[in-house]
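Next, two complexes with chain A in common: one pairs it with chain B, the other with chain C.
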Partner chain A sequence: MVEPRIIIVGAGPAGTRAAEACVQAGIRPIVLDEGRRDGGQIYRRQPDNFTRPYAKLYGSEAGRAQALHETFDGLKGKIDYRPEALVWNIAGGQVWTASQTYQDALPYDALLLCTGATDRLMPVKGWQFAGSYSLGGAQVGLKSQAVSIGHKVVFMGSGPLLYLVACQYVEAGAQVVAVLDTAPYSARIKALPDLLAVPSVLWNGVALTMKLKRAGVAVYNGIKPLEINGNAAEGVSGIRFRTGAGVEQQIACDAVAMGHHLRPETQLADLARCAFTFDPVTRQWLPERDGDGRSSVAGTYLAGDGAKILGARSAEASGRLGALAALADLGLPVDKGEMASLRGDVGTYAKFARGLAKAFPWPSEQASQLPDDALLCRCEGVTAGDLRAVMRETGAQEANRAKAFSRVGMGRCQGRYCGLAAAELIAAEADIPVEQVGRLRGQAPVKPLTIAIGDDQ
Partner chain B sequence: MSRFVRLGETDRPIITVHVDGKPVEALDGDTLMVALLSSGSMLRQSEFGPEKRAGFCLMGACQDCWVWTESGDRLRACSTLAASGQQIVTSQPGASWSNHA
Partner chain C sequence: MSGASDVIIVGGGLMGSSAALFLRGHGLSVTLLETDLIGRQASGTNFGNVRRQGRPIHQLPLANRAIAIWRQSRELLGADVEYLQSGHIRVCYRERPELVGSMEEYAANARAEGLELELLSGNALRDQFPFFGPDVLAGSYSATDGHANPRLAAPAFARAAARLGAVIHENTKIVDAQKVGEDFIVTAADGRTFRAPILLITAGAWGNALSSQFGEPVPIVPKGPNMSVTEPIPYSILPAVGVMTPLEEETVYFRQVARGNIVLGGSTRGPSFPDQYRAYVEPQNTLSQLKHIRRLAPQLGKLNIIRVWSGIEGYMPDSQPVMGPSATTSGLYYAFGFSGSGFQIGPGVGETMAEIIAKGATDIPIQPYRIERFATPS
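This part shows the complex of A and B:
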């Protein structure tokens, strides 16, 4: 029998565990990863000549990070690993990939998409000023380059990452001026029953808040962001917000790390023609999958945060589970008992993730409250007022139609950072449910390609 | 003044890259973004507004951090390593935008 060709996209926790399962089954998968090194974002590896130990880089998750990296190192030679390879399309039964110097189209028998996540952003007036960064970006700077994004940093948004990254900054010696959480403290109490599904992670979260307070960092809950102050030439100079008690406040800073938890990178699942369903808890469209990770398209499997935000621990389980499902579907022997146990693990993490979504809700109402002169799309400078005008003039109420007329979602980031907020704004203006606005279709190439790419290697 | 602040790992060999013709000192292992923002505060001019930009996501998703080689090749500063001898320009060679003509 010819060895089936399995392609894994992504070398983070899900992709690494999927590759390991394939190798254990005697298969040599192709692993395509955009990163220079394996690890993905949350377990991102620092350059070779950096010396910080695991405990310093990954805190409570140091053991998991190290185990994952060592697993991947052990797979070298047993997998066809292609770092710095962008997968820019899936079409005609092939994975289309490109690096700075070559391109390739690879057919496959099974495709595992472990594409990971990016920050979910709610635009704030002034977020185009230099010094505004995504929360995940602030963490990448520290983890992989040992830098702080500014001299005086404010963390603003919501979600577990907000507290984690703020703490990591404090511990690394950065000056954290404040943590501004849009979620009211009461939401966390309501979410407790679900959060108790994984007590150790819940405790990690509590410990982070305590650490910040001990370090003297001002932590505000239930705030409403009003404006990132700054100017075109010098960038961010401060932040203006309303406290939970309704008092307007201003804090001087030269950097803002902003984000509201994460969103899955689903463009490749979309191009592979996977069916999507609206998830009312996170208000996001997610690719459908069965309990093992099978998408609606035969031979295409989805795992990790690229399918649904369930966290890194869950990604390791769902990556392995998706690979086992693929191997089983290819007629190879797999341990059904292990699959059942992994399904149980993913279910537990799913309950915890539901708790997080309740504890740190996406402040959808802030999109419709954006003033007309606030940039909604920071790539091309399209304001909230521009999108409202397009809706009035054209009647557009569907995400892709509104994009065509307004260019919101058409710029460099291709809607990654404005798309969800734009949908909320449209829904509120048109007074329709956000699911009726639909979702921005994935378009190839999913990221800009260089024109000068040559043929093949 | 610099935008980024180094918090450690400073015991690395110094390299020199050229940005818009001027030498910039960086450390071996820096990305171009860290090299540029550890000695300056901006990466490029927005094509659509008056403001300067300094990147946003640091993970290759937003494309806000584009810079160019002197020969016109586009680089994502957040995911390209700085190297001695690089000649980087912070505006696209040959391009002009209607609002900045």
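This part shows the complex of A and C:
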């Protein structure tokens, strides 16, 4: 029998565990990853010549990070690992990759998409000024290069990453001026029953809050962001917000890291023509999959946070489970008992993730409250007022229609950063449910592709 | 009966939308029916060339009529469709010197139809437009052509028509059309029916499905344009640029929009599926397009594309549209199958069809587009 060709996209927790399962089954998968090193975002590895210890880089998750990295290192030679490879399209049963100007088209029998997540962002007036970062971006700077995004940093948004990155900055010696959480503290209490599904992770979160308090960082709950102060020439100079008690405050800073938990990177699933459904809990469109990770398209499997935000621990389980499902579908022997146990693990994390969504709700109302002069789509320079004017003039109420007329979400990020907020703004203006606004259709290339592609081949 | 009017138009692309506007100008009541949303397919996904040069000489009167509408589009539509009369250049490569002769002959014939073209050597072109690569042998420059934004154009015509009283139904898929007595009865998938003594079919790639119901099938082939766009750079490339070549693969073109992005088009067209309402960009066609763009303008190799797209276009075997009255049924008119070249002439098509319907005749030559050319001898 010819060895089936399995392609895994992504070398984070899900991709690594998927590759491990393939190797254990005697298959040599192709592992494509955009990063220079494996580990993905949460377990991002520092450059080769950096020597910070695991405990310093990954805190409470040091053991998991080290285990994952060691697993991946052990797979080298047994997998066809291609780092710094952008998958820019999936079509015709092939994965289309670009590494600098080198292009390739790889056929597959099974495709596992372990594409991970990026920050879910809610625009704030002034978020285009230099010094505005996503929480993930702020964390990349620290983990990869040991640099802070500024001298006086404010963390704003909600979700576990808000506290985690703020703590990592405190530990690294950066000056964290404040943590501004849009979620009211009461939401966390209500979410406790679900959060207790994984007590150790819940405890990690509590410990982060305590650590910030001990470090003397001001933590505000239930705030409403009003504006990032600054100008185009000198960047961020401060932040203006309303406290939970309704008092307007201003804090001076030279950098802001923001985010509201995460959103899955689903563009490749979209290009692979997977069906999507609206998830009312997170108010996001997610690719459909069965309990094992099978998408609506035969031979295409979805695992990790790229399919649904369930966290890194769940990603390890769903990555392995997705690979076992693929192997089983290819007719290879797999341990059915192990699959059942992995399914149970993923379910536990799903309950915890529901808790997180309750504890740190996406402040959808902020999109509709954006002032007209606030930039909504940074790539294309579209303000909230521009979009509202286009809606009034054309009657557009569907995401792709609004994009065609206003350019919102039409730029280099293809709406990955502004799309969710734009949909909320449209829904509020049109007074329709956000699912009726629909979702932006993904188009290749999922990230910018050089016109010089293939030039030297 | 959902509605009765003087004219029913089936197909809300640029042709149908502009016809609706001009029919209202003649005082006729209009109902415009669109399967999806106005201008979503060929009209909204094409390159956006407002180009007369390169069209068949017999089409230039229609193109001239259209350019007059584009020039006053802002006033006519009350909307900015980003029309820029910034020029158009058609070039040929060193390996095809015989095309210079074709360009000269075309320029002479075009001048007789009121289109002035200036022939330039490769070096003269490169002096003025330094982005051209060394393979470019010569070019034909039209100062009075340009480009516009396809995403905005057809919807702007439709809104202008609606303001003048045209009734527009989107999300209305027509499944049946027939003539009963003096009237056409047109039925939507959800059972609604519409009645009018005149029916205009502007249904693009879906045109044949309706013309067949009147005994006039045509060999239309659905395809999709191969489009890309770059990240924005400072606005500096004024004219739209295209390659004259017999090879489809080499036929690429680009234009820069005022915002700074460069729109790339051409090379091999992709498949499209009218029944499923989908069109796909094939990755190998994107790669082929970028390769030929690098040859045309090597400096563009330093940029990134950020998005590709396609849409559903209807192509006729002779690349000429079906335009004019039906040969079988009085009161029935067609304007579809523009074969990837309908954007510039679109508003002229709408005005001409309105004229034919309202006045019974036009001075614009449309004889080459008659549907009878596809009739099978009985």
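Throughout what follows, the second predicted complex is superposed on the first by the 454 of 457 C-alpha atoms of A that agree within 3 Å, B and C clash if a C-alpha of one lies under 4 Å from a C-alpha of the other, contacts with A are read in each partner's own complex, and residues count from 1 in each chain.
In the analysis below, contacts are C-beta pairs under 8 Å (C-beta built on N, C-alpha and C of every residue); 3 or more make two chains touch, one makes a residue touch a chain.
Just so it is clear, the model here is predicted, and its values are computed rather than measured.
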| item | value |
| --- | --- |
| First (chain B), second (chain C), both or neither touched by A:405 | second |
| Which superposed partner A:103 touches (first chain B, second chain C, both, neither) | second |
| Which of chain B and chain C A:394 touches, first, second, both or neither | second |
| Which of chain B and chain C A:150 touches, first, second, both or neither | first |
| Which of chain B and chain C A:318 touches, first, second, both or neither | neither |
| In the superposition, chain B vs chain C on chain A residues touched | B |
| First (chain B), second (chain C), both or neither touched by A:136 | first |
| Contacts of A:221 with chain B and chain C, given as first, second, both or neither | neither |
| Partner chain(s) touched by A:449 [first = chain B, second = chain C, both, neither] | second |
| First, second, both or neither for A:282, with chain B first and chain C second | neither |
| Chain B/chain C common contact set on chain A | 380, 412, 448, 450, 452 |
| Residues of chain B touching chain A in the complex | 3-12, 28-31, 34, 37-38, 41-43, 46, 48-64, 66, 73-74, 78-79, 81 |
| In the complex with chain B, residue positions of chain A that touch it | 34, 36, 41, 46-52, 118-119, 128-134, 136-138, 140-142, 145-151, 172-174, 231-235, 254-255, 265, 375, 378-381, 412-413, 416-417, 447-448, 450, 452 |
| Residue ranges of chain A in contact with chain C within the complex | 88-89, 91-92, 94, 96, 103, 105, 380, 393-394, 398, 401, 404-405, 407, 410-412, 414, 443-445, 448-455 |
| Residues of chain C that touch chain A when the two form their complex | 37, 44, 79, 151-152, 155, 159, 230-231, 259, 280-284, 286-287, 290-291, 293-294, 300-309 |
